């Protein structure tokens, strides 16, 4: 076992520390060290987007970031989308539009969509599709995902309601 | 007597007939009767006394869930088809 | 499947069925809480890693594991030697239709490796990186043999034999000479040869399709713990927990009751995670036993491509004849499907489906199909959504289009002229039951899409249809009533796409309560009766019937409780729309929740059970319409508009039905335009990753419009048919027909990549 | 993946010190989208990676009207494609950098990494070449520069010595009546590696009638991106017309040295070089004439 490095990072708003080897990806650190298994491994080479997280508010493939690289930075994962008020409007839109089937790509797609809507309040269908091109979904054919993201645009403008469950 | 549809690759045994009649109250009995008339018939369909894996019998259009023990009526039609399940 | 009376559903005025409630498991899946195959973490858990063959075909000379075994952090190493009991197992398939010897050999090679990626050993270590390092220390010496990856090459007399003793299985006179042809079967109806000579028009072409992968985003993953007391606990991502349990019982010679399979959420499967072939679980079990620790095994994406079970590539020759008036007179087809490294398990049955369904939309008086299962040095092939049918449908629907063009007929009109109806006989000798073939064609014809003319250069519109017979099989469900009027429902059906909800909705309809009052769960193999795998478009049909049966059982018991409370006989209590009613000694009513509140004091728990094996399910048709634009300079195909019309029987949850159709259509589009295994001359796969195995991205497809036709299916109380398989069938041919109309050329090989299109157009 | 050490120096000097005497066992790490994949696949084994993202010189974008544009080698693609000056003044560069991977890849991948990875199909390199990019390289002997078209030596091979570091790429200020465009062909609509990529730039005379300068660079049709010099020579002094572009396309096809691999055939690639050269020249011309959005 190679020597471990201490990493201090803010994850989903919480300041955390962990020890990892340089060869461990951010995805491995999230899943295996921190128990945040919401981010998924689909390809481990940056081609599926299931591991998408926000690193300093930018979408990245966490499989292509080393855990040691995030020292001093800020990470948001799917676990950080909902808060005490309930689900994020995107999450609720995904439920309402049945925009998921197996749910495996869903965390990455939610994260990527959030990054888009945080930047561009009213993206076109083409823009959403291009933005999400690196997030593969094999179940839905994308249709309902695109509709859910479009619909979330309107909801984000509204105050977040308390949500059941 | 039950009407049995002869799988096309077994018609060398039935002199080219695509359907034949045979008596019996179960699929097994019908096969026994066919074996007498067309020796070798059972060998093609059975492995160790059971329908070969990959082959199912249908009686009157329904899969014979009891296999060889499935009841056969006087006017029944019996077919042997590749099993189809899954997906 | 045949001779069912044209049925009407028992109820048509629904409260729950046909609505769109929120999915029970969706909050878990949008918040990251849902646990998938790789999400299990147990104390002391080790990571397992396979050692895989770099050769497509080789004899194993020796395996040396000592260096790996002594590597720090390594707890166990296994090879085929550890399956010592597997040696003597014969090649006769067992009742599951699978040859246990092949299953063993595919999991850990014994004497030969038959494809690149074939496992030869495995290690378990205390971190995935250590396991990977240790795996590299296992020394395997191979004698490399010539490899064959193409069915046509594999059938040549001088082709290298994968299995020295493999003889072709068929119903004809037994053959003795070994070959790479695992089986041959035939459907014959009438006299096609004679009928072709009388046809006015005969079209005939050769077609190929590539090996394609189901492409689920979640790689295979499991955690297995063989405890010291001899119990085996298996957490895994599978389409069937019970099938997995039964296969493991056979592979490991354990009693079924000692094996506990806990199905986790499945990150996509599409036939690729059927429990028929086992890749990891049994090996993880051996590692766990040796290490006395739980062992997690996960595949990399490359391993998924190289060494799971993609679906067959095919070589096909198809011929069809018709009269001048457009009536099909005869068909003939030869299908050669890749089995991969071992003959297909019979239960996989894709040749059965392909031959039964390829011509199923058409009334065909004379026909012959010969189908061959051919072993090649590729991973073992298996089901992928409507197994076998997309391949075989591709030629048929292109030839149908070609005939329509040559007879100057509208392609839907031509299909209507030959449409099947109840009682029409398929080429395998079965007859269609209650079907909606004509309804689907008419709905497509009158759709907004089809009625809107397509204008512009290099554009074309194609149509194609497909049929899937659907499935029934065993399902179990229990429903326990709670004192507050809610209920807990458990089934054995792994939920791939929302079936927790579609099943609960059917129970809710019977119970007269809202579906969100039912907590719908997937049980493990200890908590529910045997349930067949989720596949074949069976779950909403068969497990739905189990739930309806369980719900009716609940109502029957609760009528008894109501009778007790009212002091009347049970036959004096009726149940209508969620309310128990008696008219004996004055009308009295109690809501479901009221009776539920009294179950504790009227005899204890109420649990309804449904253990079913429903028969007589109804098949389904789908017709797709696609508009494309082809760049004549690059050969690239852009999809402008897409509509999928399908007979869904009854849509329990229309959003989920639409989702199934959209997802299936886009998989079919991938199959048609982008996807395919590529090999070098040594039999090594060139593209085992999502960069070069190209599944459609969000930018490759438009919105997929859906039109749900509801011709109630037989033998289901609400008229459910299956939905999931049909939509993957038509897209390749629909696209090919659209490309033809845009360019004037026919592409007969899948995928129809830009280079294929340019070559067909004669540009390069 | 084999174990390795991680260093994150904050100066170029410290990076160079870390590289000294290590051969190819120590590698700079920028976005990591190629490097980490190669290491994980076992194609590359290193003793250490040197994270260069904390070094100011490698992380800046500087544009000054008279001087041009300098992009640090570790600047991620998203910053390039969203930079207002670059969008306005160097749309041809945005064409190419926007095509590097999907959103998440662009959040991490760098143009410098794209260059140093030296894939024949790298999208940004033909664009750098036609924009007259110059690579600034730091090494034990100090700084040196290298035109972008000379940077790559073969697949995965560059002029960088084992102890050198790419610091930045500089682009001259665009001349008047100048336009550039990069196009690639892929089977899908996003996410693929280029089957063929073509960058083109043209400058027009003050009468907007003749081409005073043209450059065409080809990707994925040779062991390195190729500057098709005959095309520039042929177009110089000509009217920008379909006829002159057709001749340019023919010369570009001659300059291409395509092979057949899993991503395309030789014939397809040669054909596409012609198609894309014409289209990229049209795009560049449109931008030169002032339609800055130009392109496809």
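Just so it is clear, A, B, C and D label the chains in written order, and each chain counts residues from 1 on its own.
Here is the rule we use: a contact is a pair of C-beta atoms (placed from the backbone, for glycine too) under 8 Å apart; a residue touches a chain by one contact, two chains touch by 3 or more.
Since we're looking at a predicted model, the values are computed, not measured.
Per-pair counts of C-beta contacts peak for the chains A-C.
Between chain A and chain D, the centres computed from C-alpha atoms are 30 Å apart. If you average the CA atoms of chain C and of chain D, the two centres end up 44 Å from each other.
Each of residues 129, 691, 696-697, 699 in chain C touches at least two other chains. Multi-chain contact residues of chain D, defined as those touching 2 or more other chains: 1-3, 189-191. Across the assembly, chain B contributes no residue that touches 2 or more other chains. Taken chain by chain, the contacts fit none of the simple shapes, being neither an open path, a ring, a star, nor a full set of pairwise contacts. Contact residues of chain A toward chain C in the complex are 1, 21, 23-24, 28, 31-32, 35-45, 47-48, 50, 77-79, 81-82, 87, 91, 94-98, 100-107, 110, 125, 128-130, 132-147, 165.
Contacts from chain D toward chain C in the complex involve residues 1-3, 185, 187-193, 195, 262-265, 267-268, 271-272, 275.
Taken in their complex, chain C has these residues touching chain A: 20, 22-23, 25-36, 38-39, 41, 73, 127-130, 214-219, 265-270, 298, 300-301, 496-498, 653, 655-656, 658-660, 662-667, 689-691, 695-699, 701, 703-704.
Residue ranges on chain A touching chain D, taken from their complex, read 2-3, 5, 21-23, 25, 44-47, 49, 52, 55, 58-61, 63-66, 68-69, 112, 115-116, 130-135. Of all residues in chain D, those touching chain A in their complex are 1-6, 8, 29, 31-33, 36-37, 39-41, 49, 51, 53, 76, 78, 101-105, 107-108, 189-191.
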